[in-house]
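Report on the structure given below.
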Amino acid sequence: MSRQRVASVDELPAVAEGHGVCWIDIAGLGDHETIRKIGERFNLHPLALEDTLNVRQRPKVEDYDDHLFIVTRMPMNDPEGDADPGSSGPPGSTQGAWSHHEGQLVTEQVACFVGTGFVITFQERPGDVFEPVRTRIGKASGRIRSRGADYLAYALIDAAIDSFFPLLEAYGERVEDLEQEVVERPESGHIAHIHDLKHDLLTARRTIWPQREMLNTLVREDSPLIADETRIFLRDCYDHTIQLMDMIETYREVASGLVDIQLASVSNRMNEVMKVLTMIATIFIPLTFIAGVYGMNFNPDAGPWNMPELGWRYGYPVALTVMAVIGGLLLLWFRRKGWIGGGQRGRGGS
Amino acid sequence: MSRQRVASVDELPAVAEGHGVCWIDIAGLGDHETIRKIGERFNLHPLALEDTLNVRQRPKVEDYDDHLFIVTRMPMNDPEGDADPGSSGPPGSTQGAWSHHEGQLVTEQVACFVGTGFVITFQERPGDVFEPVRTRIGKASGRIRSRGADYLAYALIDAAIDSFFPLLEAYGERVEDLEQEVVERPESGHIAHIHDLKHDLLTARRTIWPQREMLNTLVREDSPLIADETRIFLRDCYDHTIQLMDMIETYREVASGLVDIQLASVSNRMNEVMKVLTMIATIFIPLTFIAGVYGMNFNPDAGPWNMPELGWRYGYPVALTVMAVIGGLLLLWFRRKGWIGGGQRGRGGS
Amino acid sequence: MSRQRVASVDELPAVAEGHGVCWIDIAGLGDHETIRKIGERFNLHPLALEDTLNVRQRPKVEDYDDHLFIVTRMPMNDPEGDADPGSSGPPGSTQGAWSHHEGQLVTEQVACFVGTGFVITFQERPGDVFEPVRTRIGKASGRIRSRGADYLAYALIDAAIDSFFPLLEAYGERVEDLEQEVVERPESGHIAHIHDLKHDLLTARRTIWPQREMLNTLVREDSPLIADETRIFLRDCYDHTIQLMDMIETYREVASGLVDIQLASVSNRMNEVMKVLTMIATIFIPLTFIAGVYGMNFNPDAGPWNMPELGWRYGYPVALTVMAVIGGLLLLWFRRKGWIGGGQRGRGGS
Amino acid sequence: MSRQRVASVDELPAVAEGHGVCWIDIAGLGDHETIRKIGERFNLHPLALEDTLNVRQRPKVEDYDDHLFIVTRMPMNDPEGDADPGSSGPPGSTQGAWSHHEGQLVTEQVACFVGTGFVITFQERPGDVFEPVRTRIGKASGRIRSRGADYLAYALIDAAIDSFFPLLEAYGERVEDLEQEVVERPESGHIAHIHDLKHDLLTARRTIWPQREMLNTLVREDSPLIADETRIFLRDCYDHTIQLMDMIETYREVASGLVDIQLASVSNRMNEVMKVLTMIATIFIPLTFIAGVYGMNFNPDAGPWNMPELGWRYGYPVALTVMAVIGGLLLLWFRRKGWIGGGQRGRGGS
Amino acid sequence: MSRQRVASVDELPAVAEGHGVCWIDIAGLGDHETIRKIGERFNLHPLALEDTLNVRQRPKVEDYDDHLFIVTRMPMNDPEGDADPGSSGPPGSTQGAWSHHEGQLVTEQVACFVGTGFVITFQERPGDVFEPVRTRIGKASGRIRSRGADYLAYALIDAAIDSFFPLLEAYGERVEDLEQEVVERPESGHIAHIHDLKHDLLTARRTIWPQREMLNTLVREDSPLIADETRIFLRDCYDHTIQLMDMIETYREVASGLVDIQLASVSNRMNEVMKVLTMIATIFIPLTFIAGVYGMNFNPDAGPWNMPELGWRYGYPVALTVMAVIGGLLLLWFRRKGWIGGGQRGRGGS
């Protein structure tokens, strides 16, 4: 197996006539003419070519007798923050880092035709997750060099799917961080983050779920293009998609639970705020009323019933004592209702 | 293949006896007699004709041995804001714009009979999404002219289904706008908009879901009226309905999440309002009480214990200082509880 | 086919021995002896007869080799508001109006035995939805007179199922009314109405769902008692149950959404109330405190620091100005927080 | 068929060798030795015997070629409020009343071996729901005496399942009572009752659901131990489990809806409380402020601008009038906002 | 059957050539070389060996013609609180207690190869739940010594699955404790505990669910490596996983209900707090206003309308009486609204 960069489609025939398996990798879908030519050269079905150009396909597999058409997705390699799909970046650019826009998952479509002796992949843009596969092809030994096109297709799909694991582990950490944040600091600002997380998990689910279906079809359906020993490997790959789905569903459930905690925390917060207000107000409002009463200007000279307390020798201390007693009784009542001791307890537990 | 407008059903026979495929397109269901005549002419099943006139059918396919009866739906072309179904508008009117009443999705039933050599479509009213199909028929070359009635039926169904994509993209934008609105301006008025959106998505789901079923039946069941090569195209069309459903379900999940955010935002809002009230009230209520105490009119002359503070040299400054100290301590306590710094932080994050 | 009212079971044999199809319709289940006799006469299975008397059966179909036992339900015709099932009303009463107790759906069981040449229906009480069927039988022409017992059974089931459409349309209007009410007048009293509606829809669902199952069984299973051409009609009837379920599910989803709107509206309301309280209290509490301070009775004569402001020439205007400034600043702060302008905006949007 | 009480397992052989069907009923699982002996005597599978002793089995049916092992459950007969399962109470005690601990559903396992000519039942404790079956066996005539072991097993399962109907009807009444309570007296204490109800319905569901599965298996699977005519009866029994599930699911849905109503009611309550507070506070806070202002002690002698109002001839009436006007305007504003008239209306509707 | 500890893989052949079944148990996955050698020696599939080393596999069974690869999980034996998977602890350590980190469920992968005459298990670390199996092997009699590798594998899987029962019973107690706590002490701190519980139940579900699938596959699929009599035992084991799932699902539903109760309790609490505040404030605010009015300093000498009440003989008593009457009327109004008596009632029921 050799590796070469060809300048145009016309050079391709020689390659495809070589022995073994020929992998043609087209990065960037801008050059419709070339794609059309390849389609003609390898006798690809026009509907499949149309789907290749429409980069919003769900992962799927379609059996066109003499070739399989497989659509899969991988996390997008996004060098310039330019998410415009369909535009082919400069062909020579090689980026090592996988970005996802401020935590938002963006995926790239990989359309893959598998026939006898050839695999053709169409990527949306240069930069992919297939470097390990290329390395294995480059090495002299290795299963991949001695097997057919179906094994190469498996290796590519496997690379695409495994590239989701680090992303999902990052989501796992985000979930755990949010979980801790929400429980420990039940402030209010987390709800939007939880929503973002759920949105991203939804996107991941939409991407992974049809890949699982696609692999299930590949494993179970009886295409002569897939050898039985390759099916064992595809089954393993299928297991990986189940693991991914399992992670996603778990994170989604935990994230949903976080919304409840968050709402309860906000309620608790408010409850506590209200309790403080109520206690302060409930104690001082009656006391202020009493003070207000003795601030009235009824004329004591007009009659013996007009505010005689004002002239008592111990009027003021008695009034203060009455106020203190009322305040104390209210405090006792609050404690009996569990607002003070219980409040402390509840707050400690929250 | 030729295209002509016939004045009455009686002219039809000549057309149908021609070679190739005859497409009879009836726009408007008001003329029951004509419909009955066509039914007799082409030997259509009475139950299917009944369903044709009852425009509230769910999309479905029914196999009547010598013809298939397919019901599909397309977004309604509504020129005068007149949503009265069943009324046939003026036959010559040609509107280019697809309206949906203030964002509300309205669909129109298309009943389609497919037999050997003929396709008959009954639309609720003039104006449809089949113009591209007519254009392709008009062109000299093109697959559509060399294939049978099944391919023409596929082309019509495909046109009907693809006409939902722009609508759903508009919903996608509405979802994103609402998402941003709710997160950025957590005011109260969004809940009704979210409800409207969910209602529309529910309508869309009710329209698309049975189309998916209908196409699945067409692809899988073994009718001699559908050629195998047409099945591949129908499978592609089926994929489109899956994509539509996928979009709808995603939007629905996001919209459901928005309700949570909205409710949480309203709670946060209220929390913040309450915090301000509580702080102001908690600080000033005790201070006002102290002011009230020294506003009491106990007579200092009646005894040495009657409000001696009023006669102290520094009584007033001492009282003000005590008030300031109490206010300061309360502020400190709020800060310790995280209501001031924490409030600022929480508000920033919300 | 003739129609006659027989006085007792003993007269029945003659009828059943006539050519064509014999439909025996028993309205009211009170006369157990008669029912037992009919069972013996037509060789009906004892378990089926037991189910006939127990009027709480779910719709179902059971195949007893020589006859089918079909249970369906129709909306109950309730003349005297007497919902006691099992009681047979006066046999001659003919009511045209279908009532449902204050909006609550009440259904009546129709047990139907279909054999070769006979259909026997047991209704809970007189009054039914089969009048159109009787009319069609009465007419000289019409499919129903030339077909077998299976077609008659179809006609009866179809009448029973179609009688749910007006009820569900009434529910649809109730849903729309509630929707408008809740959005426009977000008062508090709607939650119980929404609950009632959901309860009724649940009842409707419990009634329609098994009818759908029952028809599906009739269409698919291979009973020699059902002719193939009748199956096409049953399939149509099955489509109607799907339409009914579709309506019910949609209404249920919308009703569920209304609970959210209602809760959000109540929260919004409260929010608004709290905002008014907070603004009034927050503005006046500090001002009242200041007024309280200058209401203190510290003796200015006791020292120069004792409330010298009271003796200032412009003390009072200065105090009022300070108060106005504080109030104005607080109002400005509220506007900055969006409580005044924003409140107006939020209220407009709610 | 005769009925006898045997003292020990050794007497059993004679019984089992008799003609017809032998029903051995063991009440209480304490005597492991006896159970082991019976197992040996009838060649029962050790795993099934283990399951018999472990009383937490889910209802199920297992086919051990020469015998069926059926596990079903019935409501527990609990004479002494002793819920300790596995303990065998005094064998002679006969209780007529079915208790369930303060409304909590407790069920008892019935393990049932069905072979050719014998049925062996193991109950957790004495007291069961099989008395009607014993009565039918005791009667001279009756299907049960002329049929095989499979019919007897059916009769026992049927008795066990039918014993759940009165319990579920009691739940139905509880649901309706709670519904009325929650709507009419929207106090706060119902949430725990709703939770208890949901918990009990969950337990009922866990008990009934596998019985449905078990009966479905019995009806559909092809065991030679079950005669075809018995299958018709088992199908009837299966219908009963569907009815039970239907009731349970409906009650569960209604109960879930009640939580919403309850929460909404609590919110409404609070809303009303807040409205009263807000109105009182909003009216009197500004008035109290005005009173506070004229309670200030600025010295009118210090300058003409110091509280000249105090010296006005109509100062006091004017102040009171101003207060009355402010209060009136606020009341008008409340009415305009719909808090007074609207509040009345909203309260009436809640 | 003998039991021995071998020092290296090279000693294994002699063992495996012995008659009967050979069980090789590798505890700790650190020594990759040994694992590779075993793989070669027993001809294990490389993909299965890879999965053995990757300890995050979901339980599953894979059929590699000459051997089955079974992945199961057991609760982790964690002596030093060291949860680092893959590290092999000291081989001689024997811990009797199963810990789970502060209630968090940690499971350990057991990879199990079953071939003709051998069972090979790979545990993540020393310490397992297989001691009872070893004891049974050690005993002279016992089914396990006379059966094949499939029965041994069953015994191991059974031991692994049964080890989850005590854990789930502990969860059951946690659920009940929380239930009682939440209902009896509706404080605020429970929401985080409920979340933890739900999280743990989610983990348990993720562990048990695929074990159920795995056992279902073993029972149903037709591998020559599993004898029919062993299938009966596996079916029993499968029943255990159903029981475990049943417990988990029930606990999850109850836990979800607890969130509702908790939220309702917090609302109730707040309601009660607000009611107290509202009553105190509503009673005293008007009274304080009246006191404030008579604290105004309008000069009675300036005119006859200036606060003549101050000079009345019974002005003060009349004012106090008016205040008492207003307070009493408000209390009466509260009682009429059900806030006092009803509050008591509502509080008792909460």
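Letters A, B, C, D and E name the chains as they come in the text, with residue numbers starting at 1 for each one.
The rule is simple: contacts are C-beta pairs under 8 Å (C-beta built on N, C-alpha and C of every residue); 3 or more make two chains touch, one makes a residue touch a chain.
Worth saying up front: this structure is predicted, and the values here are computed from it rather than measured.
**Student:** What chains touch chain B and also chain D?
**Tutor:** For chain B paired with chain D, the chains in contact with each are C, in label order.
**Student:** When chain D meets its copy chain E, do both sides use mostly the same residue numbers (more than half shared) or mostly different ones?
**Tutor:** different
**Student:** As a multiple of 5 degrees, what angle does the CA superposition of chain A onto its copy chain D give?
**Tutor:** Angle of the fitting rotation, chain A to chain D: 145 degrees.
**Student:** Find the geometric centre of each of chain B and chain C from their Cα atoms only, then give the gap between the two centres in Å, rounded to an integer.
**Tutor:** Centre separation, chain B to chain C: 24 Å.
**Student:** When the centre of a chain is set as the mean of its C-alpha atoms, what distance in Å lies between chain A and chain C?
**Tutor:** Chain centroid spacing, chain A to chain C, equals 39 Å.
**Student:** Out of chain E, which residues touch more than one other chain, so two or more?
**Tutor:** Within chain E, residues 263, 267, 270, 274, 277, 281, 285, 288, 292, 295-297, 307 contact more than one other chain.
**Student:** Is the way these chains touch best called a line, a ring, a star, complete, or other?
**Tutor:** Shape = ring; chains linked end to end, path closes on itself.
**Student:** Reading around the ring from chain B and passing chain C first, what chain order results?
**Tutor:** Beginning with chain B, then chain C, the ring reads B, C, D, E, A.
**Student:** Using the touch definition from the top, list the residues of chain C that touch chain D in their complex.
**Tutor:** 45, 47, 51, 56-58, 60, 62, 64, 187-192, 195, 198-199, 202, 206, 259, 262-263, 266-267, 269-270, 273-274, 276-277, 280-281, 284-285, 287-288, 291-292, 294-297, 300, 307, 309-317, 319-320
**Student:** Contact residues on chain E for chain D in the complex?
**Tutor:** 179, 183, 232-233, 235-236, 239, 242-243, 246, 250, 253-254, 257-258, 260-261, 263-265, 267-268, 270-271, 274-275, 277-278, 281-282, 285-286, 288-289, 292-293, 295-299, 302-303, 305-307, 339, 342, 345-350
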